[in-house]
Each structure stands twice: as structure tokens, then as C-alpha cells.
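This is the structure I want to talk about, given as C-alpha cells.
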Amino acid sequence: MQRYDGRTPNDKRPIKISTNFTQWAEGSVLIETGNTKAICTASVEETVPIHLRGKEQGWVTAEYSMLPRSTQTRTPREAAKGKQKGRTLEIQRLIGRSLRAITDMKKLGERTITIDCDVIQADGGTRTASITGGFVALALAIKNLESKNLVEKGTVLRENVAAISVGIIGGTPMLDLDYSEDSTADVDMNIVMTENGQFIELQGTAEGNPFNDAELAKLIELGRKGIAELIYEQKKAIDLTFING
Amino acid sequence: MQRYDGRTPNDKRPIKISTNFTQWAEGSVLIETGNTKAICTASVEETVPIHLRGKEQGWVTAEYSMLPRSTQTRTPREAAKGKQKGRTLEIQRLIGRSLRAITDMKKLGERTITIDCDVIQADGGTRTASITGGFVALALAIKNLESKNLVEKGTVLRENVAAISVGIIGGTPMLDLDYSEDSTADVDMNIVMTENGQFIELQGTAEGNPFNDAELAKLIELGRKGIAELIYEQKKAIDLTFING
Amino acid sequence: MQRYDGRTPNDKRPIKISTNFTQWAEGSVLIETGNTKAICTASVEETVPIHLRGKEQGWVTAEYSMLPRSTQTRTPREAAKGKQKGRTLEIQRLIGRSLRAITDMKKLGERTITIDCDVIQADGGTRTASITGGFVALALAIKNLESKNLVEKGTVLRENVAAISVGIIGGTPMLDLDYSEDSTADVDMNIVMTENGQFIELQGTAEGNPFNDAELAKLIELGRKGIAELIYEQKKAIDLTFING
Amino acid sequence: MQRYDGRTPNDKRPIKISTNFTQWAEGSVLIETGNTKAICTASVEETVPIHLRGKEQGWVTAEYSMLPRSTQTRTPREAAKGKQKGRTLEIQRLIGRSLRAITDMKKLGERTITIDCDVIQADGGTRTASITGGFVALALAIKNLESKNLVEKGTVLRENVAAISVGIIGGTPMLDLDYSEDSTADVDMNIVMTENGQFIELQGTAEGNPFNDAELAKLIELGRKGIAELIYEQKKAIDLTFING
Amino acid sequence: MQRYDGRTPNDKRPIKISTNFTQWAEGSVLIETGNTKAICTASVEETVPIHLRGKEQGWVTAEYSMLPRSTQTRTPREAAKGKQKGRTLEIQRLIGRSLRAITDMKKLGERTITIDCDVIQADGGTRTASITGGFVALALAIKNLESKNLVEKGTVLRENVAAISVGIIGGTPMLDLDYSEDSTADVDMNIVMTENGQFIELQGTAEGNPFNDAELAKLIELGRKGIAELIYEQKKAIDLTFING
Amino acid sequence: MQRYDGRTPNDKRPIKISTNFTQWAEGSVLIETGNTKAICTASVEETVPIHLRGKEQGWVTAEYSMLPRSTQTRTPREAAKGKQKGRTLEIQRLIGRSLRAITDMKKLGERTITIDCDVIQADGGTRTASITGGFVALALAIKNLESKNLVEKGTVLRENVAAISVGIIGGTPMLDLDYSEDSTADVDMNIVMTENGQFIELQGTAEGNPFNDAELAKLIELGRKGIAELIYEQKKAIDLTFING
């Protein structure tokens, strides 16, 4: 069976991770998954939120936004409306939790790393792209701290983490839905998984028909495959940064 | 194995659903699950959001809040701070999606039902209690519409929906965590499921160690059991309302 | 002369004060005056507002809110709108002033007690019920502090305070208006009075015809009677709490 | 007995009402009561709030503000803070109610008059000065509508309304407290009264000791005297405007 | 050539600066340029913004607002809308920069002077009037500090600064446009200049046709003339304050 | 004389305009001037602001934002703070005015074009880059409308517009300051000029020493040269888009 863009149900979209995409951040990437494109930057600040002060640990947090015309029709700017939408807050909480789950806060030391994910073009899967790209930005920032001997080499990040969406369309489970597929899906699921194949987050929603255990199992199998591929790309991107750079 | 309050890992907390708890709403309940207590009301308005006007369908939406001293230490009032927290927005989006998933919007007609879930005492599981209680309030409001012949009897709600939390503590999967258990859990998962045992929402988060497929399967099994029990209680509460009322 | 619900002009509505209504607060009550129901909690925090620090005195403040469907038709949630209405701010300022007036701030010590009044069902007189119930919550919290020897027994609260509304309908002064009566009243007055029969607050408004001195005198006489009855109920509720508890 | 500025307890401060103080408004005054100075303007708009449309009646509303340095030390600007204080909202609601109470909304026709009261120098009694001056601005705007035959002459305003503060200091009831007196008063009361000596609003607050019936009677007597004098000044100011203008 | 109000293109409007216009501020003026009237006050606070603490220097900042009915039709109040317009923020940033440009922050010492410019009647040129009047308020506040020996006499302010608008209407460059002229101008330019004839700010905008170098030169020549006249008036007002005061 | 990066005072930084940078917008570019990079998109909506409805004309407006880590140290996100800074509002007003100045609103028809300028990397001159790039995005959107025969070919835009900064550092006027130069400049000026060499906007600010007529003339001469070069690049980018596309 073939999808409208030629993929089989098991195929994810092509992915491209361009590191050091912007100049000032301690870590930055442009991540492209199909037509979805996001800039992820990691900013290191030598302070922690008030409730963590003096606890000899660090913090990782995330913010998410879409450029107004990243979408098919223009979406009003949240800064102009004076508040962030529930969807935005929900996504940035998810990104933050996912990245904190693989970070050793003690080893990070009393500093905060903020991951900013700004979507410049949206075609489905912006939150999973943000996690996958956000991990790379975070890893680059940690390398940066390692190179200055501010953290112990190889201890801060326990393993890679990546995320992908899966869904059921017309009864068929499929990997990595784009926007047009997502609009017609009965089930939409985001999976955040570590390099070792364990779950960090699993969020499935029946937007049309509810789903059963067998469908859940198939969706997870697809997601696992996609995430393994994404983690391979993350590693390649990080390695190339240091060979070239 | 026994939990600190005497329950086994497979036991949910005692539940009590008091219908017609307040006077004005088309449907209202006080739901108590252990020490967690929430008032859920359903308000019917003969209008729909702008983007649905003229589409011959209805809408179901939800709002969620906690009284300031529903918590162990006082939580500042969102109205006083001038904005709702991300957690609040995330929860009310979840409640709304869950209830919309079992509602036939065409059969509802051009009207909006707003489910307000106000937690008056919090001890873990407030979002799942809100969904479980919110369904009862919704069902009562639909009965009210049926009694006035405004909707066709037995067609608007496809089946019951309820929600429960499960988690892993010290390696053991457990049903229906209270606040003190939730604070020490490695994994926290909320399951929203229909009467027919299918998933509406599945949201699992590793707060400590990530989880694997076997653990996921066990958590789902526990959740399925708990939800069957909750739906039994929902039905009993709705039936009694009409026998007594 | 009889009112539509059978009361004479001199009768207040039935009142019920249920103490220890919620679990976490240092003091809490459910107060019911006719169909008006409000939860009042008192929360003790071991800090004072910045401008009082170091002055060896405490503070008592209040917040007020109505659940969206406490009213006949649903009222939009203030937290969702992002600001509190003028009416809300005015009421919570009144509650705070009334309770501060009978509290010895020096004896309270450097701590703040916040009285949260959340109306779960509204049928007129919500601000006066909040003051009357708020006093009981405050008194319970003070008992709590006394039992821990944090304040000197019997010194913090000088005397009881309660509040009731009076009004003129069709030329007749009446006690304790409910919502339907309030809507047709020419004059609406809220009286906050101490156990010793002295005024803390007196707020009268001519919504239709202005009122004269004779009418004012009659309204005050009615209010004084109602407040004596309310204070009797406050005392009974507090006493019973400690006999039972 | 003499007050610190030479007044007896029964004396109000000198008052000056300068009409047509600004150029664009349909009615405008600078009112000075002692050192308290406020600009009151009345703006006529040929529309009514949504809930009154089609009801063949008008509306009168008020807004109140203090210039940042109208006070002894600079008060932060509400527009910069992004919200109006409870005190501001409470005062502007009082001004609006007081002026609506003497206006025949049917005779006004489907138009809104907004009274803006901006305090340029504050020394106590700003809310009562705003009501007293606001009435004059309103009356001038009505004269303006009469002169264009948009409303029927002499029918829109039923009678004059004015306001003054009274208080108890050291046991002595006094008329028209200035800021330094107000700071030491045990009781502070604002009286809004019509030309015919009837009450529109009566708001008394015990800031220190509560007050009794005899004290209330004395305060009202003082207020009545002061209001009669203010209404005389209002009439003179309005008459002179039309003799000169 | 004559303008509609009798002025030649080279004439500014009559100007009047009334010092000590309000009671509490360290410096205050009412400035009137034609029908434009603004109250400017200078408030001294013995603190500086956080980022300047410990740097042994002071700060000068400005806020700007228009009374709602300072304009021909009523402008909604920014405090009521909960945010300041872009125009407001732009103008108050301009006023602040202009006054800081002639102030020696080291000589001022660790204190902040806030210039509040509140327009009570608007007829064009409110921002330039605010700068011109704001300088006088600032100078009076500095005199006040000098008189208390808190700053060294004659060192804080380097020279006078004033501002005026110029514009091109129907091809003719003109000085000091009023509102009706401004509405039809092709070019609108605000010039902020020191006593020594040098530029602090130059902001020209083509609202209709763009302008060329020759027109720019002519506009600057007019502005220079007007500013010299304004500075003469500033000096006279300051001098008279101290002769009389 | 050579600048720290090798440029002479008369040199602008290298510029690169990449058209069709994002997928959905009717016009989009990535503009790079030295290390400053901004995405400018033009979005066409078939509606106009309320006050222009029925007037048979269109509207052009702009919004501006910086990604949080476009700057050397992370700048808090305006959407998270809930309001846009004065600087942001000032810049987007400037961009909008500049682009409206060369657009024939009648020829555009009843539609709105919104230019979004999002800075992804900042190194001085972000507002001028936004105007220069914003013009190209606008021109592409107009070409798009022309290609659908929705507007008349070649009539909507009167001429090109571009912007550049100039400044005085250590007494030397220089073209196109980067961030490090800007920080030490005595004078900072932004010039917005048309293809025909006429001014749309001229905004000069003395941040240190004020400037005189001769310096102004020199700054304008430099700006004029830079703008001619920018307009050449704009034209090349637009032409290449249509040769390639």
C-alpha cells in the first residue's frame, strides 16, 4: 500500500539535521522532517529557577512557537495576542519533560539550559521534530560545556531521545503523518523513546474511532522503528559537527 | 503486597458520585474518589462557537480549576494572577476531547455543552475524576434535553467514558495513585477508555525511569479493570437519579 | 405580610454552617443561607506582605469567586478571561476589611491568613454569606493556632462579626433578600456588624428610588436582628466542632 | 473645637467648580475641594452597550483614574501595570451608579454618556469630588443635547446629586476629611445624596473602632449639611456657564 | 502666505508654561502650545533600576498618557484596555531619551527622576510639548535637589532641550502643526534640539509624498528657529519660578 | 580608515536575499546582511481592518519579532511574558509605514497584506533589514496576485523602498553599523528611502554627543549610497525568482 506521497505506511519522511544553524546559541540546529522545519537552539545560563537554588542541580526547560506564516493560512502571533495558547504550553511542557528525562541534573550543575523550538514551516509533526532536534541542540550545548571543562565528559546525558508520530488512517497504522494525513486520521499518537527502546512519553488520542490493544501494539512497533532511524540521524549530525568543526 | 492505605496494587480508591449536587446546572455531580473531590456541572447553551455556525452540529467543551485551598498548601488563584497555567489548559483540553469522543455532535444539534470541573479537594487523580464525573454531568444534561424533546432519546452519547490513573512505584504497577503515591512514582499514566474497552486517550509519562512494553501492558490491564468499575458506578448514579427524581 | 417563599419581611432564610468541610485548610466551612452556598477556607501562611515585614504584626486578606455555574445562566470564568471583575474585587476587599476589623494583628503575629470564599450556588447574599462563613473559617484557623500554642488563647479575635442584606421592595423593608427579591428591590443594603451590635460596614444603594432617614432606621433594625441570629449560629457551629472533634 | 487647618468639625473645605475646562468634551469641569483637584468630562456617544440595544434607553457610565503624581509619593500608572486596581474599579462603579440614579434613561434616548474623572491632585475625598464634579459635567452635556433638540428640555436629569465624606476622629464626627485627617479616622463614610435630601449611596467603614447608631446619625446630619452646600455650588456653576457662555 | 489660524508658515503657536502647577511633585508644569495642554511632573525617587544599582549613576525616564477626552472624540482609556498602545510606548521612549541626552547621570547620583506627561487637551504636537514641558519639570526637580545640597549646583543638566514639529502641507514647509494641519500634511517631522542648536532626535515621516534634501533642509531651518524660541520660554519660566517662589 | 571587520566607513555589509524561503506564504525571503538574518513573509488575506471596510482600498501592515536566541544572550520570549516590548511595537509600526508609503492602496483592492519579520540571528540593523527584505516579500506577493489577475499588473507598488542604518563613531560617519559598532556609536540613524532617492523615514538619535548639520548631511549621503545598492539587490532577487521559478 502506498501513501499519497509515495511512502509505504512504515516509512518516515526524509530528515535533515543542520547543526550550528545560528551563531550565538551554545547549540543550534535546523531540523527538517519532510516539509516541517524548525530551528532548535540551546541556551546555557549560569542560574537555576528559584525553587532549585542551592540544591546542586541544574534544569532543562523548553519553549515552543510557530512563526505566524509557518502554517497554510496565517496564524495570529501569540505575542500580539498577549497569551500563549493551550496547545503551545502543552507542547513546550512535553519537550521539556522529554529532555529532562535523559539528563542527569546533578551532573549538569547549577545551570539552566533552555531549548527554544521555533517552527518556521509546519507540515505535521512539529512537536516530535522539536524533541528530536531539541535533543541535538542540547547535546551540542553539553559538548560546549565539556570543552570548557564545566561538566564531566560523557556524564550529563544518559542516552539519546527522539520522538515521532504514528496514526491510524482508514484502518491502517502509519508512521510519521504529515499535515494532510493527520487531518484525516482516526488516531494520532506521539511516542518519545530512548535509544534503549524504552518509553519516555506515550500520548495517543482517538480523534475519530477509539482504538484497541492490537492497534496500539502495531502503532508502537512502527514508532520504535522510526525512532531508531531518527536516533541514527541525530548521532550522525552530532558526529559530523565535531569532525568538520 | 499492601499499599500504605491498605489497598492492593489492583485496587482503586472508593468512589462516590452524588448527582444533582447544585441547583442551576442542567447536569451536576459531586464526584469523590478517595479524598479527591470535584464538582462537575454541565451547562447547555443554545449557540455554538463561530467556526461551527451553520454546520448543523453541536459542541462539547470543558473548563477545569482547583479551589486555592483544595491543595495541601494554598495555590494562588489563577483569576488573581490573570492567567491559567499550562497544566490547567492541558487538563481542560483533555477533558473536552474525551467527552467529545463519545458524543454525536450532529445529534446534539446546534448547542454547546460546557463541562465545568472544579476541584474542591485534591489528593491525586483530579483530571481522571473530572472526566469520570464530567461524563455523568453530561449524561444528565442530555437526559434533560431528551425530556424536553430537544434531542432524540438515546442517540447523542454513543457509550460511557471514564478515566483512571495507573503508575509504577518501586517497580510495581499500581491502580489509581493518590497524591502521596504519585509523588514517588517512576511512571504516571492516565487512561481514558470507553465502555467497550477501547482507548480514547492514553498518556504515559516516565518521571523517573523509562518504561518498557511489558510494563505498559500491565498498566493497561490495571486501567481497564478500574475503568470497568468506574463505568458501573456511573451507570448506577445515573439510574438512581431518575428512579429517585 | 408574606413573601413569595412564605417568610415574613423580618425573617432571614434558614442557615446551615458545616465546619471542617474540606481536608487541607486550617479552617473550612460550607455555609448555606437558603439556596446560597459557599465554601470558605482559611489558610495560614508564615509570612506577611512586604510592606508589613518586621512590624511584628499579621495580616488577614480574602479572595472571592463564583463557580461558573453557581448562577442561573453560566457566568464566564474569570481565570479564562484573564481578569477579575470589579464586582469580585469590591467584594473581596469588603470581606477582608470586615474580618480585619475584629482581628488583633499584633496578637496574630507575623503570619497571613487568607480567607477564600468560593460560591458554589448563588441565590442572593453571596457577599454577606462569605463574611459570615469566612468568620467561622477564620475562627477555626485561630483555634488551630491556639492548639499549637502559636498564638495566645482568646486574644486574636476581639468578637464575632457577621453580615446580612436588607432591602426595600414595594415600599416594605425586608431582611435577607434572595436573588429574585433583590432583582426587584428599590434599595439594597449590606450590613456588617459585630457581636456588640456596632457597625463595621454599612453599604446602602438606591437602585430605584432613593431612601430617607426613616427607611434607613428600619433597615438597620432588621439587619441588627438578623445579625444577632447569625452570630448565634456561628457560635453554635464553632462550639460543636470542638465538642465533636 | 478647631481642626488643624482652622475648620470646625462642621465645615467642609472651600470648593471651586470651573466649567468648560477642556475644549472637546460635551461637558467638562475642573473641581477643586481644598487641595483635591479633578478634571471631570462628559462624552456623548450615539450608541449603547450591546445588552441595551433596541431597548429605547440610554446609559451613563464612569471611569476614574489618578495621575501618577497626584499623590504625595508617585503611584505607578495603571496603564503601565496593565490592570486597574480594585480601588479604581470600586470608585468608578460608585460614580456610575450615583449618576445613573438621577438620570431618566428613557428620556436620554439611545446614547451613552461617559463621565471621565481624572484626579490631578489628591488630598482626600477624590471619589466624592468626582461624583459632585461628574454631575456638573453630565448636566452640561445634557444642556448641550437640549440645545440641539436631541433630548427634551428639563426631563433627563431628575434632580442634582452630590457627595461628601464624613468621619470620626478621636471620637468627634467631622465633615469632609482631607488626606491627613482620613489617615487617622476611626470611621470613614461617603454619602451620596440628592437635592431632596434622600440617599443614593451610604458607605461607612470602621477602620479602627466600630460605630454605633448615635454616631451614624450625627455623621448623616453633617453629610446632609455639606451636600446642600455642594448642590448650591453646582447650581451656581451651571447657571454661570450659561449666563457667560 | 497665511495659515487658517492666521499664522505664517514660520510661526509657532503661542506657548505658556505655568510652573508649580501641582502640589506634590518635585517639579511640575502645565504647558500650553496653542490648544494642546499637558501636565508634566518630575518625581524623584532615591533608587535606580536594578541593572544600574551600584554603578554610581542615576536615571531619567518618562511616561506619557492622554486623558480619554483630551481628543476630539473619546479615546478608550489604556488602563481599562489593559495595555498601552505602541504610539504611547514610542512617545514615552522618545521623551526619556531626549531628557537623558542632556543629563549627566553621574552627577545626578543614585536616584531616578520620572517625568510624567499627561495630556489634558490635544491639538497636535503633544509629544513635542511633552519634551519641552518635561525639561522644565526636570529642571525644577534638579533645582529642588540643589537646594537640599543633594546634587552639585549647575552640573546635572548640561543644557536645555526642547522639541517642535514641522511639516510640509501642499508643498509648503510649516512650523508647529496643529491637529487639523497635521491631518493633511505630506511630511511630519519632530525635531529635538539642544540650546546649542545640535540634534538630539530627528524623526521625519512621509505620510503622503516622500521628501527630498532641499525640503529636509528647509524643515530643519524652521525647527531650529522654533526651538530657539521655546528655549527662551523655558528659561523665562524657570527664572520666574525662583524670583516669585 | 578601516573598520574592525575590514570595511571602510562607506561600505555596507554583504547582503544576500533568498526568495521563496518558506512554503506557504504568498511571498517569502530570507534576508542576510552580514550576520543579521531575518525571515520576511507576506500573507494575503481577503479582508481589511474594520475601519477600512467598504472604502475600496487595501491595507499593508507588519509584525516584527526576534527569536529568543537570535541575540548574544537569550532574550525572554514576548509571548511568554504576555506583552510586546515598546521597541517591538515601534519597529513594526516603522516597517508598516515604510511599506504603505510605496503601495497604492486603491489598486491593491480590499485585501490585507501582513508582512511578518522574524529575526533568527541579530547583529545590528534588524529593523532596516526587515524593511528591505519585507519589500521583497511584498513584491513577491503582489506578483502572485498579478499572476491570478487579482490586481492590475505593475500598478500596486509605486517604486522600491529599502532601509539602512548609518552612524557616527569616534567622529567618523559610517554606513551599516553592526551590533558591536552600534554599541559604541554617538549617533544612530535609520534611513528609509525610495528608488528615486527620496525620504520615507529619517530617524536619527544622539545616544552620546548631539550632532550638527554637517554630520547630518554626511550621514544622509552615506545612506543614499547604501540604499541604492540594496535596491539593486532587491531587483536582482525578484528578477531571478521569476527567471528560475
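Letters A, B, C, D, E and F name the chains as they come in the text, with residue numbers starting at 1 for each one.
Assume a contact is a pair of C-beta atoms (placed from the backbone, for glycine too) under 8 Å apart; a residue touches a chain by one contact, two chains touch by 3 or more.
Note that the structure is a prediction, hence the values are computed from the model and not measured.
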Centroid spacing, where centroids are CA-atom means, of subunit B and subunit F in whole angstrom: 51
Euclidean distance of C-alpha centroids - subunit A vs subunit B, Å: 29
Multi-chain contact residues (two or more partners), subunit C: 82-83
Touch-based graph of the chains, sorted into line, ring, star, complete or other: ring
Successive chains along the ring, subunit A then subunit B then the rest: A, B, C, D, E, F
Subunit D residues within the subunit C interface of the complex: 83, 85-87, 89-90, 92-93, 97, 101, 189, 193-194, 196-207, 209-213, 216, 220
Residue ranges of subunit D touching subunit E (in the complex, touch as defined): 22-25, 28, 35, 37, 39, 41, 43, 45, 63, 65, 67-74, 77-80, 82-84, 88, 114, 116, 118, 120-121, 123
